[in-house]
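Paired with chain B in one complex and with chain C in the other, chain A is shared by the two complexes that follow.
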Partner chain A sequence: MTRGTPRQRLWSLQHRYSAYLFVLPFAAVFCAFFLYPLAQSVVLSLFRSVGPRQSRFVGLDNYGFLLRDPLFWLSVANTVLFTVLFLILQVPLSLGLAMLLNSERIWFRDVLRFAFFASYMVGNVFVAVIFMVLLAQRTGLVNRAIAGVLPSVGSEINWRGDARFAMPAVVLAALWLSMGQAMIYFLAALQAVDRDLYEAAAVDGAGRWARFRHVTLPGIRPVLLYLVLVGTIYALQLFELPYVFFQGFGPRFAGMTVVGYLFMNGFLAGDIGYAAAAGWVLFVLISIVAFVQLKAGGATREF
Partner chain B sequence: MLCLSVASGVVVAVRRGPAKADVRLWLYSEEHARAYREVLPAFSAQTGKSVGLDLIPQQSLNTRLVSLFMSGRTEGELPDLVELEIADVGKYFRPTVNEVGLLPLNEYLGNSGFREIAGLSAPGREGDNARCQADRRIYTFRSGRWVFNPDRDRPDAWIDRIVPNRLSAWSKQGLIFGVPLDVHPVTLSYRQDLWAQAGIDPEWVDEAGAKRRPTWREFQKKCLDFQWFWASRGVRDRHAMELFESQPDMLVCLLLQRRVTVVDETGALHLTDARTVQTVAFYAQMVAGQRRVAVESAGGAGPWANDIVQGNICAFLTPDWRLADLRQYAPQLMGKLRMMPLPRFEAVGPAGGNVPDMSDAPTSTWGGTMIGVTRSCKHPDDAWKLIECLDFSDTGIESRARNANSLPALRDYWDKPVFHEPDPLFGGQRTFELYIELADQAPARQETWSSTLGRYGLGFALNQCVAYLNKGGPPVGLEDYAASQLKRVEAYVKRCIDHGTFE
Partner chain C sequence: MLLHALLIMLALGALTPFLWLICACFKEQQDIFASAFLPWGQLGDLTLDNFRVLFDREPIGRWLFNSLFLSSTLTVLVVTTSSLAGFALAKYRFAGKRVLMGMMLATMVMPGVVLIPSSWLLMYKLGWLNSYAAILVPGAASSFGTFLFMQAMKSVPDELLQAARVDGCSELRLWWEVALPIVRPMIAAFTLLTFIGAWNSYLWPSIVLQDESKHTLPIGLATMVGLPGVNTQYGVLMAGTFLAVLPVMVLFFVLQRDFISGLASGAVKG
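Showing the complex of A and B:
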């Protein structure tokens, strides 16, 4: 067996290692900007730290305190409540909107599609500011409309100051922001469903509901699962929208989410180590929810 | 695509950035930036140093600064100087004093800005010490005139010339980390035209033929009469006053009026003090229940000014800076407003009734800004010169008075004409003169890293009390309810402080 010429050896080396070389730039960036900070944040969460040169190892004390903190659990409850309300409303509403705008009987479909999607481009902070104005007491359009329709209620509903209305207000704003985006995904999925299946179902005597249930839903299922998953992650990471809308955490902490809790401790009270611990608990929370969703949807094969 | 990305990367890498300024200042206030831009050319001409102003939104500024301090970076990204808002500063004092990211300024404040007078006919305030330019001797202002003081070896420096109460918020263990730019005394302004139409004078109470200022409870009674007057004429959206229901800022302001700091410098909590309980309960029934007289305005300065223009809100707390918003957003209010000192609360305990608690200040303080030098600043002397130019000079102070409607923390400048002009918004009332009258009585405010937690706790207790009243809870039991909520909150905040305290 001969070792081959230098040129052949070079080709052999290249053949063996080229894949690694292609991956190397990404791997380097991934390690430097993702894995290393992640590892550092794990370390940080085990310390009480008040500055670059002042920290004390406290082991799992930050996690222990966090799990016993009623405010943390309130923030979890708020986040879960928001997630549930958001998904229950967002998925069917945006699917309905997509089906409506997929219909050939609707005029100016393209304009309407763009109009509904446009709200997604403005971002959380801008939406929060818009809704601060829309839902303002006395002067806000929503309250004025309510006062016009229901004079006995009047225009004094304090969406930002009354804990009963705080979460509905945030959900409303989040829906306004995100429905258009979900609608676009659904539209794409609806257009990918084979028309022949509808015709075959119609020939078999299937009504509208039966066609929707047995043709449309299975056809858009991967997108549906994707949107539920992405929507859940968005909801669990909610922060800017309520923080800007309430200019804080709302009445009786009704706008305090898990990320808000993290922010309060890390950037308002300056306890970065504790905030890192809260971040890791949030990570675990999201991972569990995502895993359960994927398992429940039987989607692991489809992604 | 690859070529394009490589080419653009190369361009970005080799492109020369903007010229780096000799001194960099981060600030969040647009009004301050506007005022400083007027002064900077003179500074650059005088010192030959260029100054870079980075106007950054308040939250972003804090997030970046906290991150940079935490990362231990000493140069490059950090500015030489930074302006911080009073509610944000506590977290920067979390480390031990030698690890705070800002430079202690005691030396600069104590060894510069010596007061000089041209002659003995110069104006002064009781207790001022100055060097007379004519004979270079030190004089003290006593009983309306300058008297030679052989016991003093130096005149007042900047540190003596600043309202003392304004230094506490920016200090830790005696070290001053920031120069206060303002006092922000608080008054109560009202729509004079609407109150006059209702035939109610909110400023005075007649008692046995003599006039005196009302207490808060008496003021609330006037507010109820005012609302009844307008409601009986079909104007139901007309509310006597503005008070926040969802945020504790105004409650904190009223507690400061009562000399209560929620978390003091030692970290001790004052949430269950008798005055706190009384104030929270009173505040709650100002914003909820049968005796409600106050509502929250829509967020932002514009909607707030609009509420006043529309007559939805007819009295409101006014720190000096709030008038700048009114001037910008509500010029149509010209001549329709008047300003008065804050009513005092009734004394706690058996002496209560309508007896005003004279230990309350007739004012409070709301907001505040400091300018500090970061430890990474390579030329702190230049930074200090810039502070003197921006914040201690005639032009700098006048510029901030015009742009931000801000009364400076340096008493000497209160004599300047700009602070004695009639205010057209207030029908010619000299509003700055009222602020000056109250400024020395403005309470001290202390800030620690746990102040934010204390304020959130206070806000939570207030929300609970408001909910109690909204559910029809009897006002008689409100104080007990407030006490129980504040006790609960105090226990929680104390636990957080115990957990988070490093030293």
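Showing the complex of A and C:
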């Protein structure tokens, strides 16, 4: 290779090494603030801590204690209840909404899309605050609406104070928040389905439901699986919404999710070692659920 | 026709919490629940007091400033690191590329919760607790963002890059002047997404920012809420919420088209 002037050498240097420089900011932060804490948290979970400066090695005791703690299992039950309710309602409703929106004219569609999607901008905390007031007993908007249909029952529902309604209240808020996002994805997927397939099916005598089952569903399957997976992961990590909504963990801890349990132990009680252990148990839980979902959805087949 | 009517009704239903929020900002305490939306009989009772009290009693200006500063700065940082790294991953070959990509993809779908206790400890050890750095630095790298930009950058034509190089363009200018303009929709979409996430984030900032003077809007508003049973000034609370939600709404309204098309194209291709 010819030597060239200093300027040319600098030039060829930057040409060869710029890729490294480009990746450097990302890679540096990624390693220092993601990979390192990740590894560190495994070690941390083997300690019992009192604040950041005092800790005692306890081996796997944290995990043992955790798996025997009824409060932990209550938080798991709450989280699973939320996840199931949330998914069962969110997926069909947003798909239905997307299907409605799929068949009409453009002008309206943009405005309507904005209307449904706007709630996604609000975020967990502000949604919690708004719904806290909307779900007030007797005088809140929601109870008023229900009271219109079921007079004496409707208005008395104590969303925030009654353990039976605690998670359903959170589900309502989370639905309002996230419906728009799911709808957008479904809408995009629906619009990508080949119209000809519908016509062919109709010619073959397939009715509405059959067309849905055999043309629509297979057509949107990747997006459907993706949304269910993403929704599950969101639901299993839920914390900010119920915590702000209940200003704590709800009546008889009915509003405590697994992350809530982690937060309580790690940051209210100061035992971050124990919290790290809880985090890993949650991680395993989420991984298992995700794996099962991907398997069941046949995703591994496609890859 | 029927379909339109149904959709309009549903859309209004979806917007109802917003409508209620806006009305509640201007109502006096006793009217908040007395009337569903507006006190039609006594429209003169509508007031700006809630906002006045809000600014008098709570450091909402401070919260607004913190949220704006942190969210904007973080967004700029993340978009920069992600687009740079994505560009490199898409258009260059270099040692360690496979390893980096592998780790990135593996951790992209990881639940972030597992990191929180040890990240907090790291902040403590670095002395970054209660500083803006704790929010800005760890958050500056996004595997997801880098992945998105890597995909987007693949569509930048190699011939274009080569031609620019022959013309004497430095690699950095290639990124800035050739690649970035081509992936503009992705930039818009990802910017909005990141900004919203940063603006609304609560858990991490709340455990890392201790001074009230550094609190962001979500933290501040959460402290304004009373315990059940305690007499909360709902009008003031709603006024605060309205102000907290407004900036993101405006940003979304402006970037709407790009954002939704960016999301949608990702959904269909990805």
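FYI, the second predicted complex is superposed on the first by the 262 of 303 C-alpha atoms of A that agree within 3 Å, B and C clash if a C-alpha of one lies under 4 Å from a C-alpha of the other, contacts with A are read in each partner's own complex, and residues count from 1 in each chain.
As a working rule, a residue touches a chain if its C-beta (ideal position, glycine included) is under 8 Å from a C-beta of that chain, and two chains touch if they have at least 3 such contacts.
Predicted model only: the values in this text are computed from it and were never measured.
> Chain A superposed: clash or fit between chain B and chain C?
Aligned on chain A, chain B and chain C clash with each other.
> Which partner does A:161 contact after superposing on A: first (chain B), second (chain C), both, neither?
both
> Looking at chain A, does chain B or chain C touch a larger number of its residues?
C
> One more residue to check, A:139. First (chain B), second (chain C), both or neither?
both
> Just chain B (first), just chain C (second), both, or neither: which does A:13 touch?
neither
> One more residue to check, A:268. First (chain B), second (chain C), both or neither?
A:268: touches chain B, not chain C.
> Answer with first, second, both or neither: which of chain B and chain C does A:187 touch in the superposed model?
In the superposed model, A:187 contacts chain C only, not chain B.
> First (chain B), second (chain C), both or neither: which does A:249 touch?
first
> Could you say whether A:296 touches chain B, chain C, both of them, or neither, answering first, second, both or neither?
neither
> Which partner does A:67 contact after superposing on A: first (chain B), second (chain C), both, neither?
After superposing on A, A:67 lies clear of both chain B and chain C.
> Report for A:54: first if it touches chain B alone, second if chain C alone, otherwise both or neither.
first
> In the superposed model, where does chain B crash into chain C, at 81-89, 297-305, 387-395 or 423-431?
In the superposition, chain C collides with chain B along 297-305.
> Can you list the residues of chain A that touch chain B in one structure and chain C in the other?
After superposing on chain A, chain A residues 52, 132-133, 136, 139-140, 160-161, 246-248, 266-267, 272 contact both chain B and chain C.
> Spell out the residues on chain C that touch chain A in their complex, using ranges where they run on.
So the residues of chain C in touch with chain A come to 3-4, 6-8, 10-12, 14-18, 20-21, 24, 32-34, 36, 80-82, 84-85, 87-89, 92-94, 100, 103-104, 107, 109-122, 124-125, 137-138, 140-141, 143, 146, 165, 170-172, 175, 196, 199-203, 207, 218, 221-222, 225-228, 234, 237-238, 241, 244-245, 248-249, 252-253, 256, 260, 263-265, 267-268, 270.
> Can you check the complex and tell me which residues of chain B touch chain A?
Answer in residue numbers: 62-63, 66, 69-72, 90-92, 94-96, 99, 101, 236-237, 244-247, 295-300, 303, 306-307, 310, 312, 449-450, 452-453, 456, 459-460, 463-464, 466-467, 470, 492, 496, 499-500, 502.
> Across the complex, what residues on chain A touch chain C?
11, 14-15, 18-20, 22-23, 25-30, 33-38, 40-41, 44, 52, 97, 100-101, 103-104, 108, 111-126, 129-134, 136, 139-141, 144, 160-161, 176, 179-180, 184-185, 187-189, 192, 223, 226, 233, 236-237, 239-240, 244, 246-248, 259, 262-263, 266-267, 272-273, 275-276, 279-280, 282-283, 286, 290
> Okay, in this complex, where on chain A does chain B touch?
48-54, 56, 61, 65, 69-71, 132-133, 136-140, 154-156, 158, 160-163, 246-253, 264, 266-272, 274
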